[in-house]
Each structure stands twice: as C-alpha cells, then as structure tokens.
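As written, the chains take the letters A, B, C and D, and residue 1 is the first residue of each chain.
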Amino acid sequence: MTNLSPAYIEGATVLSQERLTEDVYRLTVATTTGGAPGQFYMVRAWEREPLLARPLSVHSVDEDTVSFLYQVRGRGTELLARLDEGGKVALTGPLGHGFHTEELCGRIAIVTGGIGIAPMFCLARTLPAGDVTVIAGFKSTPYAVAQFVDLGVDVRVATEDGCDGTRGFCTAIFDPHIYDMVVTCGPMSMMARVAHLCAEAGVPCQASLEAHMACGVGACLVCSCATVLGNQRVCADGPVFDAAEVVWHA
Amino acid sequence: MTNLSPAYIEGATVLSQERLTEDVYRLTVATTTGGAPGQFYMVRAWEREPLLARPLSVHSVDEDTVSFLYQVRGRGTELLARLDEGGKVALTGPLGHGFHTEELCGRIAIVTGGIGIAPMFCLARTLPAGDVTVIAGFKSTPYAVAQFVDLGVDVRVATEDGCDGTRGFCTAIFDPHIYDMVVTCGPMSMMARVAHLCAEAGVPCQASLEAHMACGVGACLVCSCATVLGNQRVCADGPVFDAAEVVWHA
Amino acid sequence: MLETTLCGITLKNPVIAASGTFGFGAEYSQFFDVGRLGGICSKGLTLHPREGNPGLRVWETPAGMMNSVGLQNPGIPVFLERELPRMRTLGTAIIANVGGDDLEDYVEGVQLLSNAEGIDIIELNISCPNVREGGMAFGIKCDAAASVVAAVRPVCAKPLMVKLSPNAEDIVAMAIACERAGADAVSLVNSFKALAIDIHTRKPVFDNVTAGLSGPCIKPIALRMVWEVASAVHIPVVGIGGIATWQDALEFIMAGATAVQVGSATFVKPTVMLDIVDGLERYCADEHLTSIATVCSILGTETPLP
Amino acid sequence: MLETTLCGITLKNPVIAASGTFGFGAEYSQFFDVGRLGGICSKGLTLHPREGNPGLRVWETPAGMMNSVGLQNPGIPVFLERELPRMRTLGTAIIANVGGDDLEDYVEGVQLLSNAEGIDIIELNISCPNVREGGMAFGIKCDAAASVVAAVRPVCAKPLMVKLSPNAEDIVAMAIACERAGADAVSLVNSFKALAIDIHTRKPVFDNVTAGLSGPCIKPIALRMVWEVASAVHIPVVGIGGIATWQDALEFIMAGATAVQVGSATFVKPTVMLDIVDGLERYCADEHLTSIATVCSILGTETPLP
C-alpha cells in the first residue's frame, strides 16, 4: 500500500467519539487526507497546553474520515477524550511509512499488546481474511476485537488477569512457526519478545515502534531508535520497521 | 455594609451565562459566599493557562448565587465566555473593601464608564432608589442599564458614538454640584476626571480602582496604587478608595 | 514523616511559603491554617521602608509571570513592631527575608532581625532583580556575594540562609563562595531577569524595563541549578522555582533540596501548599518511607553517563 | 517591507527556521513552500557523523520542551554531498549550523563549509547543551568562545554568525568577545540547560541528566538577553527563543534583533512561520512602515528609569 503524503489541517471536525472501555475511545474525524495502514497523525485537541501534538495511528479510514483508537494515558489523551461530536482537532498527517503490505502473503499473524491493536484494523481490511490470525493481549477486558471477527479474521485473546481468553501474555499463545509473516505492535518489551521469537523461528516480522515525538515529520530527531543501520527516525523512517533490523533493548 | 471574609471554592457550578451584547456577558454561579457591593472575586475557568485568575466585581448577589457582569478583553475573559450552564469555576472571594455604604446618603450619583457599571447594581439595590442617579457612559450600545430602571433608579446614558443617550463621555453629563455623594467605577482616566470634578465641587467621591492582580488577597503587592497615604494595595486596601486620597496620574 | 531539620530548626514539613508571595502570612490565614506549613518567608525587608517600583507590576507569560514589585516593604523596624508579633502567632517557622542596596544596610538590617525574638532563620536576599544599583550586583558576582555574606555573618546570631539568583554568572561557584563566607544554607532560585515589550506602545511593559520571571515555566532550569548546587556544597539547599504540585516538590527533594519554597503557585490556588504537604505525606506512606529525607539527594551527584 | 539584510545577505524576510528543528528543510516542504522563509538553519553539523544521545530525547514542560538529541548528524562531508544540493533548490537563504567538540573539528568543519557553494551564512554553534566535553564549555566562558571564533575566522570566507548560549556566564560580555574575535553577527539563544526527574524511577528523565529547554516558556528571558546584547554590540543580532507568533517576533525585533529564528513552535504548527511572516507584513502595512527595520531596536538601549 502506498504511503500517502501529509497535510496540516487546522480545524478538522469530530464526527463521533465512542467510549469502548474505561479508558479506550474511538474518535472519528472528518478529513479526506486518508492514510495507509501503519501511518499515523499528529493530533492536537487543545490550544496551548500540552505544547506538543500526540501521535495516533490510523485505525480505520475511508474517503472522508479517519478514525483513531486510543487509550487515555496522560494529559494529551485525557483532553482528546473530552472532545464531543462537532469539536475540532488539528491534524498533521498521514505521516510515516506504514506496513509493507506487499510483503504480507501466506499465513499472517498480527500480534498486539494493549492499544497496539489500533493500527491493525485498517491493515486487516486489506488482507485476505482467511489468511490472518490476530493474537491480541490485554491487561484486562479486551476491546476492538469484534471488528476483526466481523471481517472473518481468526482472533485469539490473552488477558493478564484472565478475565477473557487465555490468562497471561499474548506471546504465550503465539507460535511463530505456523506463520509465514508476522506484524506486531504494542509495548516495546512485548514487541522485543515477538521479534525474538520470530528471529528464532526464521519468520519475517514487521514491528510498528513507539517513541516520544515532537515534529512527527522527520525534522527534529527526537524519536530515534537504534537499528542495525544506525539511528533511524521512528516518525519518518518508520514507524514500521523490519523487526530484525531493530536493536531491541528489552 | 460589612465586607465579608473570603473562601476558596474549587468547583462552583455555573447556573447561567447570558450574552448581553457582542462582548458583555452575565455569569451566575452557585455559591453561598456572597459579597458586599464593591467586593470582588478572583475567578478562574481554566486549568493551567493563563496562569493567574481574573478579578471580577460582585454584580449581583443572593444567598446561593453570585453574578458577574464582564466584558471580554483578552484570553481570560474569552475563556470565561465559553462557559456553559453546568460548567465549573474556581472562586476566591469575596475579596477587598467594598463601597462605604454607611457614608452614602443624600443625593447619590453613580458614575460609570463601560464595564465599570458591573459593581453598581448590587450597590444600587442597597440604596433608596429615589436618591440615586446612574450616569453611565459606553463606547456604543449600552448594557445592564434596564435593571437599574427596574429598581426605580434614574439612569442617564452617554455613548461615544451617540447611538444612545447623549453623544460623548459620561463626565460631560455629570454635574457634581447637584449631588451629596458620588461613587465611580470605570477606566482610570475617566475616574480621574470624575475625582477632579468632585474635588472641585467639594463632593465626596468613592472610586473603585482597577489594577492587574496576582494574589488578589493582599500578599504580593503587585496591585499597588499611589495614594496620599503611600502605596496601597488595590485588592486588600481597596478596591474602593476615597477618590481624594488617590494620586491620579491621568 | 515530613518533619525536616533546616539549619538546626525543626520544620513540620519541608514546604515553605516563598518570600514576596505570602505577605507576612496573615492574608492567607483567611483561607487555611498556615500553621500547617513548614515555614513562612516574610516579604523582602529592607532597613528603611520602600515604596517599591512605579508603573505596572505584574505581567503574565506562558506558564509564568513577571513581577516588578521592587521590594516594597515597611522597613525592618516597622516589621518587628507590627508584623512579627502577628506572624509569631501563626504557629510555623518564621524566616525573615532581607534585602538591601549596600553592605551597611544589609549589616544593620540583619543585626536588627538577629536580635528579634521569634525569627527562626534569616534569608539573605542577594538576588532581587527588581532593584536598581545594589541587590542584583551582589547576586551576580561571586566575590560580591561572598563579601555581603561575610559582612553580615558576624552580626547574625541566627541561622543564615542565602538566597541565590539564577542570574548569577556561575551559580555553583556562587553557592560555594557563600558557604565559605559562612552561610548555613542556600535557597534558590529567585526570579529570572526577563523582558516584556508592549508592541503597541513600543515600550517595555515595565517602567524598570526588566522584571523577575517566576512560575512553572522556570522549573526545569531551577531544578537543574538546585541539583548542581546541592551536588557541590555541604550545607542544606532549599529548592525554589515553579513548584506547583507535590511531584514538583519531590523532584527538587530528589535533586538534593532539604526543603522547598512555593511562590507563584499560591496565586493560582491559595491552598496549594496544603496539597503539596498532603501529597508528600501520601507519597511517604505509599512508598513506606519513614522520612522524606530518605529520598533527598537520591539522584546522586554523579552523572550516569560518561 | 520585510526584506532584511543580514551580514550582507539579503533575506526575503526576517523569519528563519532554527537549527535542529527543521531538518534540512525537505521535511517541511511537504506542508508549505519553505521558499517563503527568510532562511533555514541546517541541523547542527559536525565534521564527523554522530549518532547523538541514547535514551529518551524529548520531554514536555509547562509551555516548553526539553530535548537531548545530542547533535545527531551525518557529518559535514555527507551533508555537502547529499543534503546541500537539495537544500539549494528550496529557494531560501541557507545557514549551515556547525558544532564541534574541539577547536580542530570546528576549524576543519568550517573550512569545508566555507568552500561549499550555496551556503549563505555559517552559524557557529558554541552552545549545544547536549554534548558532553567540548561544545558547551565554549558557550560558557568568554575566552573559550573568543578562541574558537578567532580560530575559525581565518578559514571562513562566508559571513560568520555565532550562536550564543543562555547558559553563558555573562552573555553580553560573551557577545562582545565574539564580536572582537571576528563574528559578523550573533544569534541567541540556544536552549537552556535544564533538568527533569522521573519520580517513579528516581532517576533523571534523560540519560545525559540535563537537556536543553526551549519553547514559549523561555521567551521572556531570551528577549531580555537579546535586548542586552543588541544594546552592547555593533554587529547584527538574530533573536531566538520561544517565538510562536508574529507579536513575539516583533518584540524581538523591537528589542534589537535584525532577524529571528523559530524553533519549537514549528512542532506545534508546521506552518507557523508563514503566519509570522504574514503577521509582520500586515503589521507593516497597518502601521505604514516601509520596512520592518524601522522598528528594529526601537526600544532603545537606555533604560527609561534611573
């Protein structure tokens, strides 16, 4: 899928804000700027404070709208969650290099931890449903999984508190050997584990990395991650990287 | 009237927000903290920015509510104007020394410029209507005068653009000689003029001064005004001063 | 858990009202029991009464404020007679903040305060950015600072805390110079010298041109300075600058501050210092600390990376 | 109305993208015609490529941000080969920002840049707070600064602008020292040395402990420094620090800045510099100024009050 080039939109209108769980929301915004799976937007729903916009992956997209699936973590996401229908956000995007969908064939595992599931819905929509298995881990109550089931995708859930699916981490129910391709998104430590399992099994893996960002467009170098090719910018060279090229710290 | 002592109230509820003109609003808040005529509150309707609260006079008061009449001037009042019913404000007050109502007898003139009319409604309510004349100047369309008429108070209006009442400044239609007591509030230059006229006529005048404030309670000394007694704190020693004691710069 | 010893004086907790932002304590007693504070610094005092600066005295900036009060105060004799007796009833440690224009004024002022009963600590303000000639100069050059500390030391029978300016050329050297000259503690920072221009009048906002910047905006710089100074001196350090939450206060303590002072944040919320005290208390309980001092200087003085 | 001459170079307008916040210009060309800017400062360059600092590199503060990029850059030779040709197509003045650890690197780096076609001005960054040993030291002491300026001057055939650190002991003396050593202009300020602590881990947020503070929070201090420096030197001064609106830019110009640089504000809104250019243009039109230079230094160098 081709990565789209970005625009800056000052007052995009909120079409809907749905609360999925205690702290997870889906925000849909009117914009025609689109986005490929794995690309993201810098989002801002406040005037002055906090200073910086927040990166959010494209969760779902069509001609006139982009949706974000996000979890309230701190001040920025808390302010996002206060938005109502008709509210305004500033968007910069779509940004970055998304998933290399041209490489995704054969049996595909999508392995996610927590809100790492956000970018996967628009990805799954582009893949043949029968080939895809989503292996999703959550702390507690799962969210945003039903929509994959609706696509006909096989979904397996692990929860840390055992309230749904298998108790434990998603990596415990992920066997890389039965897949041809793996994509992953979630906490860095979990992705490091997935990358390690894939490397051992000799299965290619694409990982969508996290990093604190300032510009989001590749100009400031605050979002760097160590790779075998040297430091790369998560925002502009990624956020999706070949997991084998990332220098995992965990 | 006795000045009341203040409290800090974190989340007072907005009961109503009325827009009176293009940029003048009346905000009514649920609070039992009351206030004497001429006292004020430090009001805050935002979390972090701007840093400081804004001083607003008690416009009208009863057992369970306080109303403010305010004009949008900059960022703070703009944010105030965005409040809707049910919104929350933080209040510190009532603060300061209000009008010396015990001295207000005989024929009383209330001379105001613009939003300087704000503190006068609760003052007028405590005075014998027949003794009071309000002489109110505005740039253009007058506001908040009808309520004085309802009290039975004589109201004379001057507007700079001549759209209502006499064209010109309110000081042009104010003859101090026919009053026993004058109270005034408005831009400093206008109050200086009123004070001058009163001094010439030998009529006592109380003026409610303006100053930028930080603490509002008398602790920081940023709101000082020069008086014959030395620098005084507008917030704690005033805001109402004997006009004859103020060193007017204008 | 929060009891703190500063220069031999026991404070209920390490949260002190900063000079110039809390008057003489009486104003805020209307809102809360100021006896719950660790201490109160008086408005900056000078030997002779001062009317302070003319013109506008306050201006807001992003996450901060500028002030140009210019040491308006009734003078030390009037303070001792009129304000101190009332302060002493407040039930908290009293820190007399003293400023001056020249050495003689400092010495005479400190002497008067030193003889007064009920003052626990004298805070020597060598750093007020809002007074022309004098004051400021002492706060910029190490040797000038050392000379004023050395001059007042012999006449000061009470613990002597020197309040440093962030405008100092080298704040670490400054702190060391004050320590050597006999300071029992240092407090930092005072406000930053800053400028605002009214583009409409094309003139400075303040008559005095520059004014002192305080508030949350300065916290990251103040914290760095406190850490550097605490790493370099052996006397206690009191951290000041933009503290508005218990987390801010804790950062200063971890950086090496024995206690903290809260200034501008009180304007935002009159009772903020109680929130800070309560927050630190909860933190100690949650972390099972018997004393907040356990985490003082926990950052260490060594920089983790080469 | 906005055309500005800086060290003999004509800029379309006085609004320049600050070093390290605008890459090499290409990234933001996606959002607007960067050719409308007065100029672009390159990311800080060093003779040899650098990977920059490990660990977290950005942290938000009230009205500001801290960064610890640590001069990550491809090295001057790669810049000249790969980035400069593309920069030259952008249609605006190119300012090459150069940093270093020691005198030799500075000299060799400047020499390479000086020989390159298409670079209009060389900005000597003696003030990066995020590089251990070297760099910073040059930015703090006047004589160190003068020595590096004097060393690169003979090999620099292009206009030489020296970027000053707000952490300098005495920024006015520093500017004068640089002027004497041969600087054609000074730009100020770079970011402030600051600290943030993670109270949960009880460690500094940054591996490097301290990091550089920028953004609106620093504006009042930066503006004061620009005014002081502009009042003291005869070479042009470029104002930097927290500029986010045309009014901010105008304040710096009134304080004596010939041009301004905008850094962090671009992160808040990619097209903010166009707003600033448009705002200044409107201001000139509204005030009937034939040139923005009319209001440069209008504040004067004398302080209105005694």
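Miscellaneous remarks
Here is the rule we go by: a contact is a pair of C-beta atoms (placed from the backbone, for glycine too) under 8 Å apart; a residue touches a chain by one contact, two chains touch by 3 or more.
Heads up on the chains, UniProt names are A, B = Dihydroorotate dehydrogenase electron transfer subunit; C, D = Dihydroorotate dehydrogenase.
Keep in mind that this is a model prediction, so the values were computed, not measured.
Touch-path distance (fewest steps) from chain B to chain D (Dihydroorotate dehydrogenase) is 2.
Chain centres computed from CA atoms place A at the largest separation from chain C (Dihydroorotate dehydrogenase).
Remark: chain C (Dihydroorotate dehydrogenase) and chain D (Dihydroorotate dehydrogenase) have CA centroids separated by 33 Å (rounded to whole angstrom). Annotation: 35 Å between the Cα-based centres of chain B and chain C (Dihydroorotate dehydrogenase).
Between the Cα centres of chain A and chain B there is a gap of 55 Å.
Multi-chain contact residues, meaning those touching two or more other chains, occur in chain C (Dihydroorotate dehydrogenase) at positions 54, 62-64, 215-216. Counting partner chains per residue, chain B shows two or more touched chains at residues 48-49. In terms of inter-chain touching, the protein chains here make up one closed cycle, each touching precisely two others. By the definition of touch given earlier, these chain pairs are in contact: A-B, A-D, B-C, C-D. Note for the complex: chain D (Dihydroorotate dehydrogenase) touches chain C (Dihydroorotate dehydrogenase) at residues 54, 61-64, 66, 132, 169-170, 192-197, 199, 202-204, 207-210, 213, 215-221, 223-224, 227, 242, 247, 250-251, 254-255, 295, 298-299, 303-306. Within the complex formed with chain B, the chain A residues making contact are 48-49. On chain B, the positions that touch chain C (Dihydroorotate dehydrogenase) within their shared complex are 5-8, 44, 48-53, 90, 92, 212-224, 226, 230-231, 236.
Taken together, the chain D (Dihydroorotate dehydrogenase) residues at the contact with chain A in this complex read 20-23, 27-28, 30-31, 43, 51-52, 54, 56-60, 62-65, 67, 69, 72, 215-216, 264, 266-271.
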